[in-house]
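In the two complexes below, chain A is the common chain; its partner is chain B in one and chain C in the other.
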Partner chain A sequence: MSRRRARMRGADRAAAVVALAYLAVALLGPALCGSAGLRLALPLDLAPPGRAGAGLLGNADNGVDVLTALVWGARTSLMAAGAATLVNVGVGLVVGALAASLAPRAQALVLRVLDVLLAFPGILLAIYLAAVLPPSMPSLILALSATGWAGTARVVRTRALEIRARDHVEAARALGATPLAVLTRHVLPFVWAPLLVQGSFALSAAILAEASLAFLGLGLPPGTPSWGGLLDEGVAYLFVAPHLAIAPGLCITAAVLAFHVLGDGLRDALDVRLARVAR
Partner chain B sequence: MSGATLADWLTIAAVVAAIVAAAALGHSSAPRRVLAVLATALGATVLVSGLVRAVPGDPATIILGEQASTDARLALSRELGLVDESGAPLGLVPQLGRFVRGAGAALLLAAAPAALEERLAPRLSPEPRSFRTREPVRTVIARRLGATLALAGAAMLLAIAAGVSLGAIAAVRRGQALGLLAEGASLLGAAVPRFWLGPLLILVFALGLRWLPPSGADLGVRSLVLPAISLGTALAAVLARTTRSALLEVLGDDFIRTARAKGLPPGAVLTRHAARAAAVPIITMIGLQLGGLLAGAIVTEKVFAWPGMGTLLLESIRRLDVPVVQGVVLLTAVGAAVATLGVEELTRLVDPRLRREDHA
Partner chain C sequence: MSEAPLLEATDVSVRFALRRRAFAAVDGVSLAIAQGETLGLVGESGSGKSTLGRALLRLVPLASGRVRFAEHDVGALDPATLRALRRRMQMVFQDASAALNPRMTVLDLVAEGLDIHQLARGPERAARVRALLAQVGVDEGALPAYPHELSGGQRQRVGIARALAVEPSLLVCDEPTSALDASVRAQVLNLLVDLREQRRLTMLFITHDLGVVRHISDRVAVMYLGRIFEEAPTEALFEAPRHPYTRALLASAPVPDPTQRKAFVAPKGEAASALDPPSGCAFHPRCPDAVERCARERPALVRIGARGAACHLHGAA
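Let's turn to the complex of A and B:
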């Protein structure tokens, strides 16, 4: 058993390293590698790695350097998925906390509405939103955060109800604290742990959803470097330039897996039992 | 703002009543669960219809471009249900009313036998039609539905077969090399995105080994293999994890000890006693994942150029054919909700303990 636990901690550590690398590349990478590699270089069109003048990971359509595009793609991915996760967690926190303070009947109504949102396959709504909204970063963030907050709201509500039943909350009420003070000072401080876990899972899902939308050609204006977009090119030129499909897929998989494993690790470390939520 | 007609208000009232009724009743007994699915379907309809309004600016201008004539834009706005026949903008209530009745008409006509169709059509609201081909949306979708169902069905069967066996191996051989291998395989399967697994499969099995076609649907079952693996792998991984934990939990139960004590061979204990009890969480998980499977088919279809609803959706998005887009999204969402309900009912058939809870 102890061996197994040690191995799990090793996986968590690896996930944390990958997650930090993702953040570092997204934040610092574009400044370090510049945007020269994004310019057209037609002689290098679809050049595989190793050809004279080609980039370390080869070149994409119109000779764009794959490594540079991946670094800029990390920034796109973090901006969209990170912002969507903040919206998810913020809205989920507010709705969940408010729902927990409602009368039982009203809570049931809120829960059903959340159920309707959760029953809608999240990526389908994201595709629809990305399709009807003009392609831009705000539209993309809206599409990515359209349904995820409902799951967070359920988790927050469950946790808040649990905390409200505790003695210290009753004591605060007995001392005459207003409902708002009870909520913000005595209930919410206990909600951050499940919120952190939920946020990590949400970020993992948002990175995947952003890549899916870019792969489908939705979301950002054409020409914006993104992992999904690169992979889309990779599939289009699969038989001519298979090197194009490998690197972006690896980046997406590593980032998605890292934040997912991190969420698992956080859950074990913080001993949070999340309510079962359809994802 | 053009006023809402009585029919609009009745439609809205029916939508609201169904959602409130479903909310008030919760979802324990069968009719209540059906109502909950109805509420989900109507909620999805409200979302799909209302979101066209969320587009900043005039949708018709965005679709047709600034140069389009006023007449063309007006015609499109009318088609989108944004203005009435005289060109006055429609409020949210009549817009939703028309959308719901149009979708209802399409549904009725799709379900009606061909002989009834012509007599039925004039009595219903005008059904939604494709902007590009003027065909009814239901006809456009019907042509592509079979391919998607075949893909999703094959992926589902594959996922159940692979996932349940992997999970059972991981549970029965826990801690041994074979069990760890099964666990590792399921973790890997969960991590690889569909739109990357697909190209990798093509590179290996179509380009490298030349066993299977890389894309299209011309070669029957042979064309289906790679897309089905690509779509089903994530579900297989989830099912493997569910099966493993469900079996581990069940194998510690008293009735399993009894079965073993009476001298039943281990294989019979597993298939006859443990499998039935462990089936409930597995079936429940399948239900929860159905929506994801249907949505994942969109990506898979693009990778393999599979002629289903997913490629139809992407084509229609590119051509700004809003009614077809709305039809596909709505059908997928409602299909997922209905399938989830069906799966939930199935768990009640499998596990008699769940049936009793209805009356408690």
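Let's turn to the complex of A and C:
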């Protein structure tokens, strides 16, 4: 068994840097740039970058500063996608771990239910929920986390079953450990690594879904700065002010890509598929 | 022996399902181990000997039959009583590197039984672990180490210490030395013999290694395809095997003396599969002495005195 150090490749590191930068902007950005740029400034309506008085990335409809809106949009997107990911991972962990402890027939039943959830296009359910629920942050989080946990539960269950078959679990049972102790001490410590990877992918998907909902004008009260909303405006003025679509588009792409590649990198670094268990 | 045996299995079967087909890994086995006795259980891989060992501890469910340990009907115990009883019956595993949780230190691994059964805590816990490590010959510097930092022999010693921490009366050893280097094997084997004497342990010693079984057992049971074919006191079995399978097994064991080369009567072909067992006696397709009746009728294990054999040709002998 060759023991690899948990290190990431260059592309993965770049993704980690972008992801961290995104987190930093979402956390600190609004405090640094303030909300002055979000106020109306009609003379700067749709001003491209470079025009006198225009923002670094130009201005949007009614003169709102694009950079400021993007920074505030990063916070919205991180809060919604981050919370949805926590729900996804938490529910997936509990359901997956419990499913792995059930009798084979009950497991098969749970799996079929998960299959139904997975077969359902998640974004459609999210659009439906965001449309019928009152626009607010909790509604958005619910819409974003409605189905994703099913995939996480499958990953957790598979991993837990694999670990349960190991001798050290049988040894714990032979010592008289309770099922709960077996689960928490001897199974779950080996589930964190795939869960971290899964969470990273889920975050990437949730960012994209949040942007999609905002693009459709769903989820949050109108006027809340968001990448998807900005992109929507950009489409309306695509030939008049292309800068308006390009900036949020690049932001969404970079964030989704960064968290996705980060998940890939974590998977390689943590060697999840090779099931390396040594610390 | 007038005293009731510590462990008694009656007609125990274990079934598994493989691709929707059920097959018997253990098929109607009866055996008994007296207090303080060591029973060696030998057989080729796939003979069901490890499964039988696990079934006796109810680590795999019984399909039928009864297991009695001391005054308990092991198969019928409720989960809480069974967990409490596990203190008295422990297991040493073949592959210690798999049987030790890789994320736990030696201290926590050995103390796990103490924690589960609330036998010791705080300084007393650490002191008990140190004493156990000393008994199995592991330096107490290993306390904060993780299993992958230990040698194979040390790992198995830790596995033995963990099993003994709860002071069991029965120890099931499942090929405890098979995964070890030859040089370490004898040391670990001698350690088990010493511990057995010190702690008056009753043992079920599962192995495919005839040399090991001869060294450690009082009595030997030979298993083939889920059934016991022969059972006898160790020396009697090695001197005068009665079942053709036992004879073939003994003949195939290497003899460390080139002048003693005997006529080789290895069993014909591969061991049959438990998925599709032969009719009658499971050994008849490979048996040099098979007669027509062997393919038709399955021989029962006939016990006469201390010996027993499941063979039409030798059952009456």
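Basically, the second predicted complex is superposed on the first by the 265 of 279 C-alpha atoms of A that agree within 3 Å, B and C clash if a C-alpha of one lies under 4 Å from a C-alpha of the other, contacts with A are read in each partner's own complex, and residues count from 1 in each chain.
Heads up, the rule we're going with is that a contact is a pair of C-beta atoms (placed from the backbone, for glycine too) under 8 Å apart; a residue touches a chain by one contact, two chains touch by 3 or more.
Predicted, not measured: the structure shown is a model, and the values here were computed from it.
Taken together in the superposed arrangement on chain A, chain B and chain C fit without clashing.
Centred on chain A, the angle reaching out to chain B and chain C in the chain A superposition, using CA centres, is 90 degrees in steps of 10. Of the two partner chains, chain C is the only one that A:171 touches; chain B does not reach it.
Looking at the shared chain after the overlay, A:180 reaches neither chain B nor chain C. Once the two complexes are laid over each other on the shared chain, residue contacts for A:36 go to neither chain B nor chain C.
Counting residues of chain A touched by each partner, chain B versus chain C, the larger count belongs to B. In the superposition on chain A, A:212 contacts chain B only, with no contact to chain C.
When both complexes are overlaid on chain A, the residue A:108 reaches chain B alone and has no touch with chain C. Of the two partner chains, chain C is the only one touched by A:189; chain B is not. Taking every C-alpha atom of chain B against every C-alpha atom of chain C, the smallest gap after superposition is 8 Å. Overlaid on A, the two complexes show chain B and chain C touching the same residues of chain A, namely 278-279. Of all residues in chain B, only 19-20, 22-24, 26, 36, 39-40, 43-44, 47-48, 51-52, 54-56, 59, 62, 191-193, 195-196, 198-200, 202-203, 207, 214, 288, 291-292, 294-296, 298-299, 302-303, 313-314, 317-318, 322, 325, 329, 332-333, 336-337, 340 touch chain A in the complex they form. Contacts from chain A toward chain C in the complex involve residues 166-168, 170-178, 181, 185-186, 189-190, 277-279.
Within the complex, the chain C residues that touch chain A are 54, 57, 59, 82-87, 90-91, 93, 95, 98-103, 112-113, 116-117, 146, 148, 159, 162, 166.
On the chain A side of its complex with chain B, the touching residues are 105, 108-109, 111-113, 115-117, 119-125, 127-129, 131-134, 208, 211-212, 215-218, 228, 231, 234-235, 238-239, 242, 245, 248-249, 252-253, 256-257, 260, 278-279.
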